[in-house]
Amino acid sequence: MINKCIYKTRDIKKGIKSGSTILVGGFGECGVPLELIDALIESDITDLAIASNNAGVADRGVAKLLKAGKVKKIIGSYPRSIDSYVVEELYKKNLIKLEIVPQGTFVERIRAAGAGLGGFYTPVGVGTMLAEGKEAKIIDGKEYILEKPLKGDVALIKAYKADRWGNLIYKKTARNFNPIMATAADLVIAEVDEIVELGELNPEEIVTPGVFIDRVYQCKKNYDDLLHNIYVSRHRNN
Amino acid sequence: MSEYKPLNKKQIAWRAAQDITDGSIINLGIGMPTLISNYVNPDIEVIYHTENGMLGMGPAPSKGCEDFYLQNASKELVTIVKGGSFFDSALSFSIMRGGHLDMVFLGSFQVSEEGDIANWSTGDNMLVPSVGGAMDLVVGCNDVRILMNHCTKDNKPRILKRCSYPLTAKRGARRIYTDLAVIDVTSNGLLVREIVECLDFEKLQNLTEANLILDKNWKILKAPNI
Amino acid sequence: MINKCIYKTRDIKKGIKSGSTILVGGFGECGVPLELIDALIESDITDLAIASNNAGVADRGVAKLLKAGKVKKIIGSYPRSIDSYVVEELYKKNLIKLEIVPQGTFVERIRAAGAGLGGFYTPVGVGTMLAEGKEAKIIDGKEYILEKPLKGDVALIKAYKADRWGNLIYKKTARNFNPIMATAADLVIAEVDEIVELGELNPEEIVTPGVFIDRVYQCKKNYDDLLHNIYVSRHRNN
Amino acid sequence: MSEYKPLNKKQIAWRAAQDITDGSIINLGIGMPTLISNYVNPDIEVIYHTENGMLGMGPAPSKGCEDFYLQNASKELVTIVKGGSFFDSALSFSIMRGGHLDMVFLGSFQVSEEGDIANWSTGDNMLVPSVGGAMDLVVGCNDVRILMNHCTKDNKPRILKRCSYPLTAKRGARRIYTDLAVIDVTSNGLLVREIVECLDFEKLQNLTEANLILDKNWKILKAPNI
């Protein structure tokens, strides 16, 4: 029988090695697997390359991982945020490498890895400093640059509901990078709000088929309420 | 001759909103462009795209209806209208890069006379570099429009022969809305369509590094008091 | 107000020119826009390049279009079928060009067109006759070939339900190529079983956002029952 | 010494089914491989993928439960099991090409001693060329297994030094199940693991163009009477 659910927090980190490249889902703070990140922080795994669109806000999410000294490199499109003091300090002290990629190129590189492609030509970045060092090619009269796949040793993603096969659905704008990262790592762990019975998810509505998922972990902490309160009070003060 | 009066941010957004037609699918960049939706003709139907994965983005939520899971690309809380949809980032950027948006409105630091856009970096090496979806938005859409003040705070021109800041994309902009003028980027050069009252073309040119051409049918740039 | 629904059969063909490249959805006979194909047959549009995974069965679907003499070229992966006499005769008489592409490459080329990419490197076909004439490249020690985007002037697709914005959902294995083709043509027309009120489709379940769709046409004929009966009786005889 | 008895198609499929482990995600190609699902240990859970866009494909429908909208890649009516899902062709081929299937079982015309597969074309120019997903299936998966008769109907070998038919992919096959033997493609060459009773290795080699190596732990290839 297939059962990808893990119940013990200590089972999250199994098989994750220091020095790994880890894809971390989420846009801003929406759809970030906060409890999986906590499991990394509590482990002795370190020296990580983190591929994540953003680099966390305040002390939360990827910023918490950065603050714990676990990260040697960030690959993403927008590490800055309204409160990204952690990444800013590390950057100014030259304690972290940054690889900045246009957001669409970032997700397309991850998709290419999951789809078994060797790379793709994109018009995005042509004529800018982000094209420096990249192969250029004219195709049908238009200029493109070659972008290579971005594969993770591990992907940590966040979803809404899962079943024991690892089928996933997402919640609203928390979907973002998660379904793509789910396809592109050797070990894929999904943090979910709820585990449901096999057959409960409508086959037409499943966004990520379980084939991509190795482990499913149901949230235990209540980060959602915390974030909701922060965002609502900020919204009301604007 | 009385002094000319620059438009404020809301008025620039209002002017941009007047160019939006029924049925358009639109992305509004961070900053001034987000104000545009307040001034779109309420009798037309416009669909807003946000690159974090939604079409049919609605206005900010009213008190009690806020939902952390409904955010826009600026990480602000928003709503979704009837007919809206959610999707992943790969599809969202296919929509952008694949040319499926009708119009994109962006802020910018600088624009060149060929329409080059520099809106993601001032070249300040102390700032953590962050590009986000800026390049993708500009490259994919045939109708990118820039909203910005005509000059910097210390009165340096932002419309230049060549951008001095790192480029977002070459030849990206089609129209520029500033606090002083509406300017189209054409194959003949920068064509001034509208100028605020009491500002003559020569003065506008003095505030602009790039060469301007005055359209023969140019008009006064007007906006309501908002 | 946005209303992409067309009600008159004669409005289907508007703006479609002879000589066009037309993407036609469906796998086998499942998910094929049969009534949109009928509209082409009844028009004076001709000299078409049809990009479709298969080439119709018996006199139905793309085979009907071939039989009507409308097609100069087929681009697809598997034109042969249990009864593909139309394409077989045209092929033997050298009356049609065939461009055969591995199925995954076929759909990925269409996706690349819809996603604004200039091409991609795939390992599929390497070392085979289908790689002949294609640029090869070694990336990270592995051999790939370059495949170019496949864009349609028109895409004719089949979906289950639509609303007036053109948002679409699909039915079971009739989804196949349709959502990808929806992204990759200048004019995209969706044939649907049912048009529903705006807001009736769950935003989490919409597969094709309306942004890709130009026209929505609700089926008038009852091809579904015909096909159901053919497939069920074949199934019971096996 | 009595005459050896080749396995029939069902027995070849049965033998292949014995190698499937619990939790495997599998694609069964057209022809003989489709029989495999009948012989998989009922106590294990196996997920079948069909490239037209479904995971969790179930058996053929019973009378009255047929659904035209539930087809497999052979255009046969099938069912979907609990936990199954539908998706588009791009995702379906990402699953294949991206290496997300555990095992792929395919029929073939020919296999070479390096594991090259020729299973889509006999080079007959009168036939409409049709490749379907054959190449994608072979390239993506690390564990491609071939089911075929050891020889053609007129007793020519199918396991060759080099395939004479157009290739599907180079170095694709990992194991070959025939009516006479089970053979692994290894870096040292073709290793014979099992041979049907009463057939000696020399005779098997005579029926094979490629060089064979007899594994020191080789066994008798047995299958139930089905």
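Note that the chains are named A, B, C and D in the order they appear, and that numbering of residues resets to 1 at the start of each chain.
The working rule: a residue touches a chain if its C-beta (ideal position, glycine included) is under 8 Å from a C-beta of that chain, and two chains touch if they have at least 3 such contacts.
As the structure is a prediction and not an experimental result, all values here were calculated from the model.
Across A-B and A-D, it is A-B that has more C-beta pairs touching.
The distance from the centre of subunit A to the centre of subunit B, with each centre set as the mean of the Cα atoms, comes to 29 Å.
For the pair subunit A and subunit D, the distance between mean C-alpha positions equals 37 Å.
Centroid to centroid, with C-alpha atoms defining each point, subunit A and subunit C lie 33 Å apart. Remark: subunit B and subunit D have CA centroids separated by 57 Å (rounded to whole angstrom). Multi-chain contact residues, meaning those touching two or more other chains, occur in subunit D at positions 54, 80, 86-87, 90, 93, 96-97, 139-140.
Among all residues of subunit A, those that touch two or more other chains are 108, 111, 115-117, 122-123, 170-172, 203-204.
Every pair of chains meeting the touch criterion is listed here: A-B, A-C, A-D, B-C, C-D.
Residues of subunit B that touch subunit A in their complex: 50-54, 60-61, 63, 66-73, 75-77, 80, 86-90, 93, 96-97, 116, 126-136, 139-140, 166-170. Subunit C makes touch with subunit A in their complex at residues 108, 112, 115-123, 137, 139-140, 142, 144, 148, 169-172, 202-205. Interface residues of subunit A, counted against subunit D in their complex, comprise 1-2, 111, 113-117, 163-165, 167, 183-184, 198-199, 201, 203-204, 206, 209-212.
Across the complex, subunit A is touched by residues 22-23, 25, 44-45, 47, 49, 54-56, 80, 82-87, 90-91, 93-101, 139-140 of subunit D. Of all residues in subunit A, those touching subunit B in their complex are 27-30, 53, 55, 77-82, 84, 87-88, 91-92, 98, 100-105, 107-108, 111, 122-130, 170-180, 207, 224, 227-228, 231-232, 235-236, 238.
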